[in-house]
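Going by the order they are written in, the chains are A, B, C, D and E; count residues from 1 in each one.
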């Protein structure tokens, strides 16, 4: 009875809240052009950043600060999971190998998955995608390895250091911008050095977007792999 | 030096946090000293920023990527932010040292990273001038806080973290809905521009948007009844982290709420939002004080006390008057000092005596006189005894509250303060006049930190002029929206 | 920066901090005494100046302008505090055992002086709280429960005052007395403050000052707090600190008198609001005096007595005529000196015997003759025997009350003074006379500093008793009008006369006649107390027929109906309910279930939604 | 102040002698009348004088210490003081220098003297006597005060001489209805002031011997007897002044005093003794209510 | 009645469903799933706000000029929001692991040692 009451109360409450939010969104009509800053981005993205993909330009360049935060959030997640699931000694406890299809497939696919991931983040300024999907794709490769082989482990020491170093790399890129251009996260490659101005729409353009996306891709890849590693392994009592 | 170098307050903790794995790979023992060093450097930078802002009397606008707002994200380091960034840095520095003594649970390198990122998150929340960036920093703060709350890896810690997480998750989701509404209505995310456009938004959208933003932040700012996670988190977190929660993490949430609130003054239902906030704030004070009354665990008791003080700050900030905001900011500063001292003292007792229940505090005056003295001064200050700092801000809040027409609110808060006096004074009696025990040795450096905080309390208590002038400037920074808007070099996109 | 007033107010505090810091026996006493003596010196120095013009000092602290002013009226209160203060310091040299007590005793001294001298509400409130806090700390050391009762009631009072201050600030935009007074005066014609608000302000301030003065029904803290502090300090606590409440009532008249009069008019020819104060005072006198009579503990007895005596002052102020103020002010002085003296005597007794209950004492007059003499002076003064200071002030209050046609209130004074007589005689009997328990055979006279302190307080009792005009003349000057006529020795009101000197002379004459008869009579032979008519039974330790315990049992029987009710128990009950409520609240709200917590969020959203939708 | 007014000095000395003598006579009247009502012969009127002289003549008296000696002396001295501030007939003495309140208080002071002496004797019966005396005083204080207040409020002055003068113009106090009530109250209280039944709880001869006076003998007792005599005179005179219009000469005063005294004696001989709590309850009931009505009527 | 687009409706429905799970389900994992659903709903909402009828993705290649693309900002925001959501979920799951170790259950009504 209590449960029914609770459910019905919840439903009534939620419907009222939903109605309230919905009537507010009625004031933000769907499908209309409400752009203000967005239009500026669209108008100037090519000239100012060298990227064709406006989303990427916004993410990495115009609103680079958000992305720095985003990377940090992921870093926190990986660190946090590492901290919480930390044990003096951990190892994998899976008892069965993956099926032959899985193991074989993994063996052949793994390099391609990595390459595809790299492709995604390197071409972030041109096509949909970017560092995060790319990194996630790379992590998928490692997940495949975990699923296929019971003994496999990522080299966590190395991954951790790499994670830290690439993270630092991002900030250092930003600090170089501060030194060269006078602003933190300033796109010195595009705006000061003006590299690839003739190449808009091709790979070697977009200022530091590909650089940063590479960093992010590597970082996301290692972090997500680390999270998987942490969650899969269990404590060994001696 | 160029004002843009103020970006270092964000960049330094970040780069240091990323550097920790490398340090760990070199030597595990170097991690904590490194943490200390970084926080010290942060104090230096924050001090420079503070000096810069207060001597030039102009805010520093850091434009990330060189884009002028609203195209790029800007940091707005005005009087308030400069003051609080400094407070955050100093407290973090102290707590970094305290962590060396207090935190023994592995893995310390992760702890160091999370510590730095918590500091970063709060700094960012206070400094940012962009509403979505605020969300990002809020999440940085929140997720680090989740992780650190559970850091001790006991059942209680995990439980507290879980509660925090679920409530925080709901809060942030609705905050994001609020952002969506505001963005949809204005087409921009820059706070200054939102302030400019706020008057023209569809009233329903503005009302719901503002309400949701405040709702999301109120969870972080521990307003009743959204604060249920707070006592658990305070109690279960490692001692230095509790200090940081109370001293500045909550403050960041409060500040953000106040900032958004005043930026959106032009919204037609603004005053009703204020009234609602005042009600919530008063209830926060009353419920928290009563909850603390018979608390057996001192850390939890002080946590409730902290919540109630935060409620008082929220009350002041929600008054909608210059006097109220000034008083609120002043109280924030004082409360940061006092609660840092109290949690530090209680935490140190917890480490030395193995627990923080009331029984552990019996005879503390004989066992750990210095710590006992510090806790006593902190308690007396929290009660609002004159010649301690909180007295001044409390008086200010009360005057502002009644001037704004909330006599009932002030009456209830004062009534709750009586309850506060009761439990703090009981604690003091227990410390000095009950029980006994052998004298334990106390850490010299921690003693020095405590005495420094005690001295601050007394200096502000005896001669609050300087602190008050700071608070006034910082308060004007929040309240005077026109100045805020004019200080941000908007490009005039679309407008 | 440095100025006489600053030194006057803060010298005790600084001395207290120093005494606390150099906690070495001898040094701390010296520092403490100097700190307590400095205000006396400064007040003596400024005596001539204040009558003609006031001394001002202004300082800005934290954006507030604190104004201190030494006017004729303030000087009077400060001087009273200073006399008791120095006596307290002397007493504490003998009775205090730690720097802690010096710190807080002197801190409260600073608080009291500051309260009297403040001319703005922030300074007033600050020092008020400081004073409360310091006196609380003196009690906390000995008894947690009583001290908390004291503190909670005081803080309720202080916060009521804070609320009142804030309302005044909101209405007038000012915090200094002069402006507020003017603004409230202007408000008579503007009417920005409604009747309800005026009533609220009145109740708030009355609560604040009533608590400190121990006015019924807020007096319950007094017995515990007075008796659980160091008794030397209590002389100051009861003698000077409770006067802050009285001063506050006076302030209420000064600031809001006109406004309150305009709002509430008169009731049978009395100012309505003043009538309330007068009745509070009268009830306090009666209730506290009855309770004092029934006490079995020397400290409790004087504690209730103190409450009752302050009731007289409230009553006098409540009369609302200038004669009433004069009487009240005079009683401020005489209460301070005789009650301060009583507490020092108590301190000496407790210090020397270690006993506090009447049943454990007796026959000490032979062992501590000087203390006894001082106690007798205090008894004479308190019970209003002419020509003592206590009589002169009481006489003025009678005159004022009856002249103002407040017969019932005056009746309360009669009853109260009868009761006062009863309890002081009881004190005399139980402590000084009768058979001495054998464990008190080695009791010695009190130490010298304490005796000096007593003497300092005893002299004014006699001096202002024989020459009450010294005080009334000052009061006349302070008010700037001839309230009480006559000369140094003779008080003249429109309806009555009291020539203190003549009464003294006649009394001496009468005593001389009686003494002559006595001297010319037969020789006397001294026999011990135990050699007495006992229905044939010898008086021995086991068969002690002294009735020190339950001396006034018959009275308690006569009053049994009323004694069933107790405000103290009532408050304790409320406090208990509040604590239980707190438990229930936190157990049910913070119930530990995260799902409930999520519901709280949902409910807030629901409220927001309903408020938005509707 | 410097020049001594010899007329006053003579008046004072004369008055003291007269009052002491008449006081003793009043005591004699009291005993005689009481005896007559109880159908005894009773002692002669001058018997108290003889008693006192006998006590004074004793060779040696015992003492329990300084305060024991001081008590009776103080009591007598204070009584004399009180007497000198009451206007007696056409002798104003010092009455212009002190008013009703002073006199009322001075009349209580002797009590303190007796108590001091009694308490220092260490005798439990004395202590009981002290307790009873004080409680009686507490009990009667309220109606007593109310009666005095009624007088003062009605005549608008505290000065006894003025009250007398006003009565001679407007008629005696008891002719005023409100003051008649006050008179009734005062008369009840007066019973207790004189220590007569039903309020003779203080001495309660059969219960606690003589109460406060128990230990005294010799010259101490003589002093107390004298004190009692003077007090009797002073109190009756006070009564007469307040309610019976004072007097223009000693004879008139004497008549009024004796009248007052006889009322007291008659009441005393009719009623048995109250216990102390009964007395308190009694005083706080009817006399107080009547007193309150009286003072409210005079406002 | 109000008229809102089906996208908004869907997104808001997701939010409500998620919140319903949090409010009603006792299993911690289900509550966390609810939170995730809520986040998804919010992200969808954010994206929908940026959509402009008849325009294509904001990649300015051939045929897509600045006036033919939808608003890029919400998409950028959502990218960030998704990552934040992932991070929260990861943290929540590791906390859940600890809770299960210590309490032996994931029923939130039994995980309440900290109360009052």
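Criterion: a contact is a pair of C-beta atoms (placed from the backbone, for glycine too) under 8 Å apart; a residue touches a chain by one contact, two chains touch by 3 or more.
Given the structure is predicted, the values throughout are model-derived calculations rather than measurements.
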Given chain B and chain E, the chains that contact each of them: A, C
Chain pair whose interface holds the most contacting C-beta pairs: C-D
Chain centre separation in whole Å, for chain E relative to chain A (CA means): 16
Intercentroid distance (Cα basis), chain D paired with chain A, Å: 106
Inter-centroid spacing, chain C versus chain A (mean Cα positions, whole Å): 73
Distance from chain E to chain D - Cα centre to Cα centre, in angstrom: 97
Residues of chain D engaged with two or more neighbouring chains: none
Residue list for chain C, restricted to those that touch at least two other chains: 583, 586, 590, 594, 598, 602-603, 605, 608, 612
Junction residues of chain E - those touching two or more other chains: 15, 19, 22-23, 31, 45, 49, 73, 77, 80, 84, 87-88, 91, 95, 98, 108, 111-114, 116
Complete list of chain pairs which touch one another: A-B, A-C, A-E, B-C, B-E, C-D, C-E
Footprint of chain E on chain B - complex, ascending: 132, 136, 139, 143, 146-147, 150, 153-156, 158-163, 165-166, 169-170, 172-173, 176-177, 179-180, 183-184, 189, 231-232, 235-236, 291
Partner chain B, residues of chain A touching it in the complex: 20-21, 23-28, 34-41, 61-66, 68-70, 72-73, 75-77, 79-80, 82-84, 86, 88, 157, 160-161, 163-165, 167-168, 171-172, 174-175, 177-178, 181-187, 191
Chain A to chain E touching residues, read off their complex: 6-7, 10-11, 13-15, 17-19, 21-23, 25-26, 28, 30-35, 37-39, 41-43, 45-46, 52-55, 57-59, 63, 66-67, 69-70, 73-74, 76-78, 80-81, 84-85, 126-128, 130, 132, 201, 227, 230-231
Of all residues in chain E, those that touch chain B in their complex: 15, 18-19, 22, 28, 31-32, 35, 38-39, 42, 45-46, 49, 73-74, 77, 80-81, 84, 87-88, 91-92, 95-96, 98-99, 102-103, 108, 111-114, 116
Residues of chain A that touch chain C when the two form their complex: 10, 13-14, 16-17, 19-21, 23-24
